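Labels run A, B, C and D following the written order; every chain starts at residue 1.
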């Protein structure tokens, strides 16, 4: 298998760590550079679990220096930071997989509304594939830049899209109630993610204002021609990782629970990482994997979906490796089973 | 303060333990009997945290024996077991506070539908006050039997009732998404509540079929004259205790977030255990207390309420002590601050 | 009961919060001032669990301003900060209970060695009672300044002292292996106490260098006339609160397990907060209480003690209230049962 | 790579699940049978995380039936159950890796003392290699039966053996204080491993009586010609997985901390799964890996070692796969990186 040289931008956080662990299992991935603005030391001092596994320093590199070494860049930088360097990387023929939100939205206006700043590379918006292979595999293949999805959107879009496409549920008045582990809040110390604040505690946050909302609405309604409206409430749950998303949609007509399950099974037949299950899933069934388990329940006039993923893997780094495999023509499941 | 002699039926579980801890702080409560079918040993062998605090044996007693000793009985027995002994206790002048569901529903038919058995004391249904003092204080005062509310219902009824009464939200199509700590699942060993199954895991259970649903619908719609429909999904969350309930209701007309908050503040003004707060509450703000914190958010056409309680205290034993204080004319907050 | 006016210095942390909760249950305690250098807002914004319970602002006050309002000061300030203000408070007749280490050690030299700075009030060292009522009750009574013990020392001194005094174990080569919940690390955000760093993780820290070591050696060896040496290793354990301390000592001669247990029972007979138990205790038996459970095991030539406390209560705020009760002549268990 | 057909006996527990996950990543491992006395259903009903990954039933098979299908058996059966079937398997040319204690001890008498029963296959004792490749690789190679080590022994033997062999510490009066996640207690429901009993709780158990003790003493003292004595105390820690072991030994003469570290580095040079680290390790650095991180501290006359492993991987299933790789001549790290 031909090797591909990889750089990771912003390598000190949890998604970057998870990415490195996955890539270390990938026989064709060769990590050649790790960047960080603040650090200048071996990566295993920042991530002790990499001791004896990855012997690279964290470096403060320019896009040009990165392009000199790498054929593929995974960017774990904060929003707008990737869009500030992506053009230079792409121009030099480097493929880019962005973990952030810079290229997920199709509209510069929507970006401005939700992120409060002008997009630094607005011209590309609308031309970058949304990196959810189960829905956009063909667009991703052949791309040079991929917008890796947000963790909540992945957990919401996978169960809802087939049901909307099949006309089984209304795309309007969908309630999405998500519960995420604390690793989703990142690795930057703050009062709200201290152990004694999060442990033995669950709380909602960013009610109605979370930046993953426009991303969900954009994708699930695409092509439906109908008005899409979603109420999205994320909750911080006392566990390291995992997202469970419960959605409540209005059924259209006489859709039975079993029909909805069957439709999901049909839609995801052959997909290696999406399992439609009968029993109610637990995040524990999928953490530390790239998998999504989904089930459906019909209750009165509502169809509920319940889906679980690992926020750091299928919700971030695993999806990124899946996209990498597609971009570089490796078997899609490499390093992910 | 005149002392009251107390017996606790079914004293080996978590709610009974919590009850004993509260009563040990109550200067007028004198625990005189603890029953259990299976045990015949000091209570502190079953609950080591009571060592040096409560020196009583667990005994297998008949209702008559209990009535000989106690003026008030707290029953932590499984459903139908309380209704099997309550008549004998009441006949002997003992007041009864039932932690279970036996006397919560007004209709024997609804009971049969949800519990799958005939009610053993159906004649009393509809005449027993629902033990939520914030709504039914006057009915509780003077009663001899109180139906202590379920934990999920308490967390749902407190935020929803004032808004429905004020006509600010529709009682129909209300979605209630609750997240509970594992102590709510009881102390009986089973695979599903083993530590390695629950830890680092969140899952939904009893979707659309949880027995707390009819109780919620019965109370929140009382007197509204409108059709009430609720979708209720409980989730098992990796923490000992605490319930966070997120509800999504349709606003009626032009209710602003601040108006809804104001209505809740007005409704609960003077209530010692319900706080209407501005910030999004965490279960951590209320665990180990008898308090409920509530807030409201308006998102589009929906009004969201977010409320938190300790499932074992305000959701069970604390409410029971609150009812006890009302029944026996002690200051309502005794042992609960 | 005559009321006592209380100020709390450094009221934003976890021990201060726990202290306030205890004092709110104390019928004679009247909290009149809360200080903080950084804040100027209602305490319930910093501690949401106090909403509706304590309506005071955090203020930046001088010792003189504090002395104008309060008769008793609980100081939760960092080390040397209490010693900088205590003289002014004491001079104005205010009694002081210090949560920190400033007055625990008898020697300015030992203080300098372990804390790396000169003691600001060295003249008082050696004259301040160590606030462990079970050992020093009479010295505390009548004092105006009390050095509240460290959490690890409390969990170590209580089991070891009676056995050393009785000549049952050698005070030399004692190994103390302690496991503490994360609240012991304080409320200041740092990478090491982030949820995803601490959760699902146990680690040792400060091996052989923890500042609680000299405190333990000073107290357990007092009056033994023998050389005392302790190896102390604290571990950060994924739980909010609780300390379990396992000690390994050499038995002197033919001490049987039961004799050691008996000696502990005799020593602590009548003590309301120390229970000598037969079974191996869990931190869960004592968290949220002011109690210490202790047991002993004889294994070969070693006597093991296993003891559990709540680090924030018996290891900090509960002990402080116990000392307060002694200083102001209230029943010692007030607010602590 | 030539494939090897594998059967797993006792496939419903946590170590078996972990084993299956590892083997699914092993390109030469073909799982052909899963046994269980109680079940007759697809394995993914018992282990939902295997959905879409392993489509095999749990079957109740005789040793002969197993031997007809498999070339290698991993036995996760309780003690004495493996020894009851191993002879029949070995006779039919099947290689056996035992997760249990049946073949770990060299002496039938020691087995009887600690396990309270006669050994069913005593003749083999003393001739079965102890499956810790870092110490016994050559004996494992060429064996047909391997005794996979206990989790606590692995975490204790790896740090202690090189220091004893080098004469740096005394093999006598070694104190081993271990802290394990709850998965080590198995998957059988019991009060003591319920979530609300274990969560927010740490406790010691089996003090001085744990069956891993003779195994540790047998291995660390082998060939030292000196008397070996160990005090071993395991603690149940509120986390899924991971063991941290702290040992306290007497240094012999003037061994400096750095010398001990250097000796460990020398001893484990080239070992893929043992890393000698400078910083104090956390279980989090190694969970979900087959690695052991070790460090050393010199405190006074004692040398402390601190080591961490994942109890289910390096402490059980990962070690078993490592042994499998050696037995069947695959690269030793296959499926373990």
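Heads up, the rule we're going with is that a residue touches a chain if its C-beta (ideal position, glycine included) is under 8 Å from a C-beta of that chain, and two chains touch if they have at least 3 such contacts.
The structure presented is a predicted model; accordingly, all values stated were derived computationally and were not measured.
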Chain C and chain B - chains in contact with each: A, D
Farthest chain relative to chain C (centres taken as mean CA coordinates): A
A-D or B-D, whichever has more C-beta pairs in contact: B-D
Counterpart interface for B-C, drawn from C-D, A-C or A-D and sharing over half of its contact pairs: A-D
Whole-Å gap between the CA centroids of chain A and chain B: 39
Whole-Å gap separating chain A and chain D, where each centre is the average of the chain's CA atoms: 36
Centre distance in Å when chain B and chain D are each reduced to the mean of their C-alpha atoms: 46
In chain D, residues with contacts to at least two other chains: 181, 197, 199-200, 238-240, 281-282, 284
Chain C residues touching chain B - in the complex, by the definition given at the top: 24-25, 48-49, 51-53, 200, 272, 275, 277, 279, 281-282, 284-286, 288-289, 291, 293, 337
Residues of chain A that touch chain C when the two form their complex: 14, 181-183, 185, 187, 189-191, 193-200, 238-240
Of all residues in chain D, those that touch chain C in their complex: 173, 175, 177, 179, 181, 197, 199-205, 207-208, 229, 231, 233, 235, 237-242, 244, 246, 248, 280-284, 287, 297, 299-302, 304, 306, 308
